[in-house]
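One chain, chain A, links the two complexes that follow: it is found with chain B in the first and with chain C in the second.
Take a look at the complex of A and B:
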């Protein structure tokens, strides 16, 4: 049983962060609706209904979704935002053509409706038309350049098609938009590593560490990059592969990453088995 | 409510009483001046001191009530986020996943 105020504040936080925890939202929402507490919320109630509706669709609780949608339709009879929710209901029920016609109808009336435009792109994804989704998203980003979420989506769509260069471009745009966010640097570094641009990947991994101390995933990345570069320089000794970082710097970086990794794992309350696995792995690289 | 917050609130209250007293004294002083028909520019020193000390007490109280300080660097805030949180794209969610079947059969 959840108390009223914690339920409301939890829902509020989830709405703000956009995190997808449908189980939690549904159980909290069920308590609110069953207890008739939504009336106490005032104007916030409608966004809570919307949130519960989407979560209910996520876990297949169509009865709960229906209740929310009915209340929203009663309050806002002609709102495109509610119509969008109806479209999502059709999507969940696999009536994709009906959903598409709803979205297109809204867009005919108002072609600047951003959420609907995004839903339409997501619908292409559901239909399995990845190429169409990419084309639509590129057109979308031409208009709304600073939409971070859309750039992330485009990057992930490109990655699905194994188009690493294009994905890297999207992540570069994201870094331009939010240079302080180390996750974008991390993703960028990983895409670079995968497309075998090791020197630049190493630099990006170092940037991640600069932005967020002792970030384990980046430390492993540095380890792998320096290992690869050191091996390449000893066998081929061409500066084209290794970039212009000399081998001394590389080996020092490698040692530093090892040291930090051991340090991180010595502090965390992890079992001896994990520590041994990490130590063994570090010896190989 | 922690004990520091309680103490902070009490201190704020004391500061408020001082401030109220100082303003009342000012009012009294001005009406006295009016009654004896004297013109003076300055307020007496004790009222000034009382006002200033009430501000000092007040700010001490506020500092205690406000709770623990947050770090000034962006990275301390970013370090709390997980990659799943940054990578959720709520506008682009799709519903053809196993959740609809699995969770529903559990009911």
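Take a look at the complex of A and C:
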């Protein structure tokens, strides 16, 4: 009895937080279904079935997925939400065209079905039609401007195609939508660095450190940027390349990054090998 | 001292048949009608209507402007200004409007099918409320007018007479006696907890909430569709007036101060330098804005 209530509450927590953890969900769901305990859940049972179904697909437990889907179809014969699950089953079985036709059918009936639309874009990605996925995402974002997930997905798709300027645009939108999220600033900085906009990348790396103390990736970024800028200013000395930051500030920033990195690696219980590697790298830049 | 004496002298004896055939039936009928009304509204209202994707796009586009205005300082100046230009142009041309053709036509709720539907919905609900209640009131008035049904077990002031003895026009009768019509009203207003017990929260058996909604309708005009063209024009103006002060302008300095690599005072000196520059740029911006207004 105790295990039943904890299983139900664990599943509930996972649903709320959006974590998938398919192994855990499948093992919990298996005991629930085998024990016939789903009947006790009342209306919650259906979302539990949906959750178990998706987890079962994730780990390739087709038998369990089939049981869940059958029960859901029996209860909700015409629901688009269940049809979406059927499409996902087809996707798992690599019947991609059938899945696509199902999604398109649902979207024809209701053009505002957001989960199905997202699933369709994901399907394009699975099929390898990156350009189509990008087009569909652009259309999607034209309607649902404030969907953070979609912007992130679009940015990664652009990066796959090496379209850094477009990816930077997406990341700017993400920063607008969630200005305090240091992860977006970091990603933006990295894209800028890759597209050789070093002064701006440096500023963004600094922003990451400001939002999140001693973020190692950003510290490395500052180190690299300042190194490049200092070298460029000594050779060309044109302010256009270095931006408006004076060389003194740059060298102090460089020192700061070195100091923080050494500090971070001295605190963590890391092996001597890693410490040596870091020290050697720091000397080079 | 006359009050208890009066009450004692008016020791009426009610026929138990009144209790069995009038008092309980009225309560029962009202409860049943409430349940019926709940079911009818469920039938009539059906599933809530979903907005079309164009309508969603319209609202999200407006949000976009607001977000750009509030958090624009977090992105670089070039990124901000390009977004500003694109959005203001889009707002001006009405690219995001549901039907871009009729930008200037005033929105009439009678012609807009969606507004019509919302109004019909309200009508249906009110009808489901008014018709059964009038019938019950007529039934009580016709059969039981002038009946005295119960005696309240506590004393009340004379002011309650109009509330409790509607339909019984006797000036001398004690206030604690309740007439049939008043019993109806007491039920009408007091049955909500019982409906909640029977039908669960958020039921539509009780009509009083709708009545309250109706009385406020004149003020807020629920169901009135918004004129997005007008909203877009205001947003456009707001955007044009928004200056951009980049958060990351002196970020290196801030970082160095944070880690104690540079004293605050040096930063302040630097700040003054920059603020002078900023003032110039703001002035330039104002000049541009003036030019822009002239062009308008």
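In this section, the second predicted complex is superposed on the first by the 253 of 285 C-alpha atoms of A that agree within 3 Å, B and C clash if a C-alpha of one lies under 4 Å from a C-alpha of the other, contacts with A are read in each partner's own complex, and residues count from 1 in each chain.
Note that contacts are C-beta pairs under 8 Å (C-beta built on N, C-alpha and C of every residue); 3 or more make two chains touch, one makes a residue touch a chain.
Just so we're clear, the structure is a prediction, and the values are computed from it rather than from any experiment.
In the superposition on chain A, A:120 contacts neither chain B nor chain C. When the two structures are aligned on the shared chain, A:223 is found in touch with neither chain B nor chain C. In the superposition on chain A, A:20 makes contact with chain B only, while chain C stays out of contact range.
By the touch criterion stated above, A:172 is placed in contact with chain C alone, chain B being left untouched. Contacts of A:94 after superposition on the shared chain: chain B is touched, whereas chain C is not. In the superposed model, A:186 makes contact with chain B only, not with chain C. In the superposition on chain A, A:249 makes contact with chain C only, while chain B stays out of contact range.
Touched by chain B in one complex and by chain C in the other is not one residue of chain A. Remark: chain A residues 17-20, 22-23, 54, 57-61, 88, 91-92, 94, 115, 118-119, 121-122, 125-126, 149, 152-153, 156, 180-183, 186, 211-213, 215 touch chain B in the complex. Residue ranges on chain C touching chain A, taken from their complex, read 50-53, 56-57, 60-61, 63-64, 67-68, 71-72, 74-76, 79, 83, 247-248, 251-256, 258-259, 261-262. For chain A in complex with chain C, the residues that touch the partner chain are 110-112, 142-146, 169, 172, 175-177, 179, 200, 202-204, 206-207, 209-210, 245, 249, 252-253, 255-256, 260. Chain B makes touch with chain A in their complex at residues 74-75, 78-79, 81, 83-96, 99-101, 103-104, 107.
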